[in-house]
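Each of the next two complexes has chain A plus one more chain, namely chain B in the first and chain C in the second.
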Partner chain A sequence: MTESNRFWTVFVREVQSAVRTRTYIALGVVTGIVLFGLAYAGGGPAGGYVPTVVDTLVAVEVLVPTLAFAVGYRAIADPAVRGELDILDTYPLSTWSYVGGVYAGRALLLLTIVVVPLLALGINVATTAGPETTVFASHRGVDSPFLFIRFIALTGLYALSSLTIAFLLSALAGSRGRALVLALAGLLVITVGGDLAVFAGLDSGVTTSTLGGALAMTPAGAYRGLVFNQVLYVAVPGRSAFVPTWVAALSLLFWWGLTFVGAMLATDAA
Partner chain B sequence: MTGETYLTADEITKTYGDVTAVSEVSLDIPSDAVTGFIGPNGSGKTTLLRMLLGVERPTSGTVSYGGPAAERQLGYLPQRPTFRPGFSVRETAGFYADLVDDDPDRLLERVGLEEVAARPVSGLSGGMTRLLGIAQALAGDPPIVMLDEPASGLDPAMSRLIFDIVESIADAGRAVVLCSHELPLVEETADRLVVLESGRLVRTGSVESLREQTGGPLHETFTALLEQDRATIAAPEGEQA
Partner chain C sequence: MRPALTTVQFFALLAVVLSTLVFATSFAVDTTSARPEPVAFDNTVQRGITMADEQIAQNRSISVPRAQVFYSQYRYVVGYVGIDQAVTALTEPGHEQQFGYPLVVYVSDYSDRPVRCGDDGSLRTATPPDWVEANQAHYVVNGSARVPSGPAVVPFADRDDAEAFADSCGGRVIDWEGLKGHSFDLEQAAAIREQVGPRRNDTNATVQAARQRRDRLVSVEVGTDAPTVQAAVDSAPPNTTVVVPAGTYEEQVTIDKPLTLSGPGATLDGGGNGTVVTVTADRVGVTGFDIVGVGNTTAGDPTKSNDSAWDATVTTAYGNSDAAVTGRNASGLYVANLTVETPASGVVLRRTPGAVVENSTVNGTADWQDGFMGVIGMHGSIVVQDSVFNGGRDGVYLHRADGTAVRNNTFRDNRFGVHLMYTSRALVADNVARGQEYAGVVVMTNPMANAIVGNDVRHSGSGVMLAGSRSYIAHNVVVDTTQAMSTNADRSLYEHNVLYGNDLGVRASTVVPSNIVTENDFIANDRHAISGPGPLRVYTHEGRGNYWSGAYDLTGGTGPTLGQSYSPTDSVDRRLHQTDAAVVLRSAPSVRGLRALRGTTPGFRRGTIVDRAPLSAPANPETVRRLRNETSIEEPA
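This part shows the complex of A and B:
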């Protein structure tokens, strides 16, 4: 039995567990309803892919970490409370294989919940976008499904980073009650706290020239910046970099890697 | 009949802040034998067991494994085993078996759960959940199996069944360690007893040798040993034997 087989065993159990949990199906349906509702309320699908991204971006920025925390806040806390981690300590199963397997299973679930409704929305845009003029109509020449695919890919990366943060907090929690409290706190920090901290920094060192870089340091700021740089730039002539792209990309990667390693260390200590 | 030493604890201590849960305990765990940890509530049995397992790190002292080479050296049944809901008995056994290339059906047969293999784990009685926990503890044929209160809260028939299974596990050449308050069953099953009080090892020996000290059944021996120990602690230094 190799480590990769053990990783696979843990991963398969997570996927089976997710498939059998009807709540997750409901979560996916609700996500779809919210995304379609927002897009149609703003009239985006009739205008094209970029208007649809504009209509949904703010909501997605909050919705994705919320879904990530819903999927991951008990991922490590639950088995710790059940005593499963103590039992697994007696098996030749490395922390990497266990946390990695659980993470991969839940990441697949999260990406399904997030990506499937977005893909459906993209298909809907492809079949319903009308010729009427909007503020983005002059850019229809550059509006393309590839921009929407980029949006989905960036949203996927943002979801994966949010999920590792949820995993870290879950591993630190030690009980289901604390896991919920930490999840709510973590969600607030990701969705509001990061931007607030940057804006608070305007009084102490952050300037308008460094604001973009500072915003790119937070997961939500990095995601938003990358969507503006890689998707919405077509709608803003003469402006191409809202945040430094490489800083934002590294920031998302950093949050993903740092919190994943943190989750493994915390699981080891749990 | 006891065999070679599979596990050795050398002066292990565990403290939580100012509280000492286990104090300088040294002991050997032999193969082909059931070693029973007995002692009042809070005497440090579970903490000692968890340190021997490696789940809990000793504040000082060492635990060393001296058994045969094995993919999984120690099997463990926690005090209240709980399994992930939404899975059947066989799927649950299969998950643990897959981690060590074992056969889940063999494990379920070993504890007599083959008839309920399709039942969801949430539909198991407390005794059956404990049996599934023992099946899991046997996955991968570990040379040492540790069971924390395997029969607590169960009816007499189920307790009897579980202790019979415990006995058969040791008959297969393993070292079995168990913590229990079921003194009559421990007396019948254990080859060797470790008596703990307030985190200290009060006495070790065979059931017969400890019984010789009081001449009564184990619960009387147990009470007498603890009283002797308390008297020793309470006596001024010069008066101690």
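This part shows the complex of A and C:
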């Protein structure tokens, strides 16, 4: 059995167990209701793709890491507690295949929960947005479905990075109780801590010229910055360099890669 | 050896590759390069021309250069009649914030057209112009070419054609950038505010001039020197006064020379058929009568019009209504101290520049459908002041009466109190209106530069209903109506109005929001404001918004404005003055999150109004205090 086949086996096992878990379906449904509810409360879908992003961005920024932790906080901690990891040590299965397979399975689950409602919302905008009256000639303005696809892509990347962070903390936890506490702490750090740290650093270290870069270093800041750079910029003429795009993109990839490697090392140690 | 992929693995890999491709493509596409094609001008949201000018252009086949603008955040294509109008709008401060930036601007292209400026300078062409992108056109400015509203800016795609036109009609050729720096003499709403004082002074001067009709020497006394009023008029020398002693005189009178007819205590009875007093000469005065027996014909037969003007039908129908006094083609008419009972109109004035009606009472029909207008003013500026209009259709009806002043009158139980049609630059000030079926003051047909100030409307269908542009609506008080104001006028300034206890405060009804609404007090209305189609309206100007009863600020600020913005169209905010529970909902993280970034896309938002700096105290405290102390507010008149 090759390394990639072992990865595939673990991945399939994860997907099958996710499909069997009904609560994930509930999680997806609730996510959909929240996104649609917010968008409709804000009136965005009637306006177009960009207004819909505007209405949902703040919620998505908190919702995505929350879902990532819900899906991933016990991904490594559980098998460790049950002693599965010790048994797996006796198989010819590398940590990479194992953690990678579990990660890929959970990632597919998370992306389904996040992306499917967003796609549905996008389709809804496509069918409902438009002028209130057909008396006048109308056009699309700067609004575009591509902007919404960018939003989904960036949200997906943010979700994947959040999930590796959840994996790292799960591998470090060692028990279910600690896994929950660590997950909540991690969630707070991602959704509030990063921005707060930059905010606190504004008068001591972070300068006007490094503010964009500093924000781009945090996962949430990088995500939000990229959404401004790639989606909302059309609504803010005259402003385009919210955060350095490449720094933010690399930062998200870096968080993703670094915490993934960290999760593997921690799993080995567990 | 590497084993082959299973089918499932193959599709999984394919899905990953495909979605990566789609996402990558979305970033590669340049979404801002779209350049919509020009549309038929009739389908645009049109701005910039009064209906009177539009009718004149159509009637005399004058070609008016146009522009159409596609904004980045506004779904409708906006059409401007007159290039000067487009440039002025595009360079207005705050314009981009409301609509986004212009994606593309097209202007009329007169290249290869037989365009000319006739003997009168009017721009004419046998072939309608095509469209050209504004930044590729060449513009002839400061030439002799004219459109009904003033000098014309004429665009050409081809520079040689522009030069040729400038050679024959004068002017110089500039490009789009040069044109944007060009200053056009278009009055802004704020300038109308500055004109209120001068307009009052002009009105005073007109009234002073007309009052000279009171100072003429008495030449003939009816009864003593002549048997009838008409006989007295016929025998009196010009520029004297005919005195009519107390008593009832059953006759109709025609005055065809400069004369003052004065009859304090006298009653003129027209016998119930036709008009009682007809004036056809300049500088006539009619003062001090009770006039009864007016005919009940409210409108003339429009088919009998022999006039080719576009408004001939209106002139013939409305201008031939039976009245107590009718003036035709006569300047300097003075009508004062009359008391009129009429089943039709009170005073009908056609082409009577400088006419003054004051201190008179017109009692019309109890049901407005049965009667007609208190005063009709057509084709010429008039003054109506210090008079009372009870019942009937409209208290004062104006048709193409630019520069008219209607002030200090009282209107009761009419259809409309003051009704402006095709009338620009008017002053409607300090009138009191009660119990109108439809509205206290109404302005129709898109005129411009009107000033509606200091009026007090209560217990009516609507308060002040505005159409047109560049008007000034200020210091009005509207209480207990179904709809206090409509902002159907654009590029207008609404300030220091108090809208108290109405079903609805403001209906924002222009499709293209361009009004300044600031320092108004919205108090105890069921709904403070609602908005028709079109994007978000920002009711804040230079850091100051309006006072909305119920708006509050959790930051506990004590400054002149609240820290939190207020949206009267928001389903939570609009209940703040009705239930305190709305305060709790408004503080919810989800509700706050929704609002966090909302202001970034005003152009895409439907039917909403937001005030970014609501006032923490009423802008007109004296008026508000007075209203709060009045107990009659809730009761119908």
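We take it that the second predicted complex is superposed on the first by the 261 of 270 C-alpha atoms of A that agree within 3 Å, B and C clash if a C-alpha of one lies under 4 Å from a C-alpha of the other, contacts with A are read in each partner's own complex, and residues count from 1 in each chain.
In this section, a residue touches a chain if its C-beta (ideal position, glycine included) is under 8 Å from a C-beta of that chain, and two chains touch if they have at least 3 such contacts.
Everything numeric here is computed off the predicted structure, so don't read it as measured data.
After superposition on chain A, the partners chain B and chain C are accommodated together without colliding. The superposition-derived angle at chain A (between chain B and chain C) is 160°, Cα centres, a multiple of 10. By the touch criterion defined above, A:Arg20 reaches chain B but does not reach chain C. In the superposed model, A:Arg6 makes contact with chain B only, not with chain C.
In the overlay built on the shared chain, the residue A:Ala197 is in contact with neither chain B nor chain C. By the touch criterion stated above, A:Val30 is placed in contact with neither chain B nor chain C. When chain A is checked against chain B and against chain C, the one touching more of its residues turns out to be C.
Of the two partner chains placed around the shared chain by superposition, chain B is the only one that A:Arg82 touches, whereas chain C remains out of contact.
Once the two complexes are overlaid on the shared chain, A:Thr90 sits against chain B while remaining clear of chain C.
Legend: residue contacts after superposition of the two complexes on their common chain; A:Ala70 is shown touching neither chain B nor chain C. Figure legend note: chain B and chain C, brought together by superposition on chain A, show a least Cα distance of 14 Å. Overlap of the chain B and chain C contact sets on chain A: residues 5. Note for the complex: chain A touches chain B at residues 1, 5-6, 9, 13, 16-17, 20-21, 79, 82-84, 86-93. The residues of chain B lying in touch with chain A in their complex are 50, 53-55, 71-76, 78, 80-84, 86-87, 91, 95-96, 98-101, 136, 139-140, 142. Contacts from chain A toward chain C in the complex involve residues 2, 5, 8, 38, 41-43, 46-48, 50-51, 54-55, 57-59, 130-133, 135-144, 146-147, 149-150, 152-153, 156, 230, 232, 234-237. Contact residues of chain C toward chain A in the complex are 2-3, 9, 22-23, 25-27, 29, 31-32, 34, 36, 39-40, 43-45, 70-77, 96, 100-101, 103, 511, 533, 590-591, 593-594, 596-598, 600-601, 603-608.
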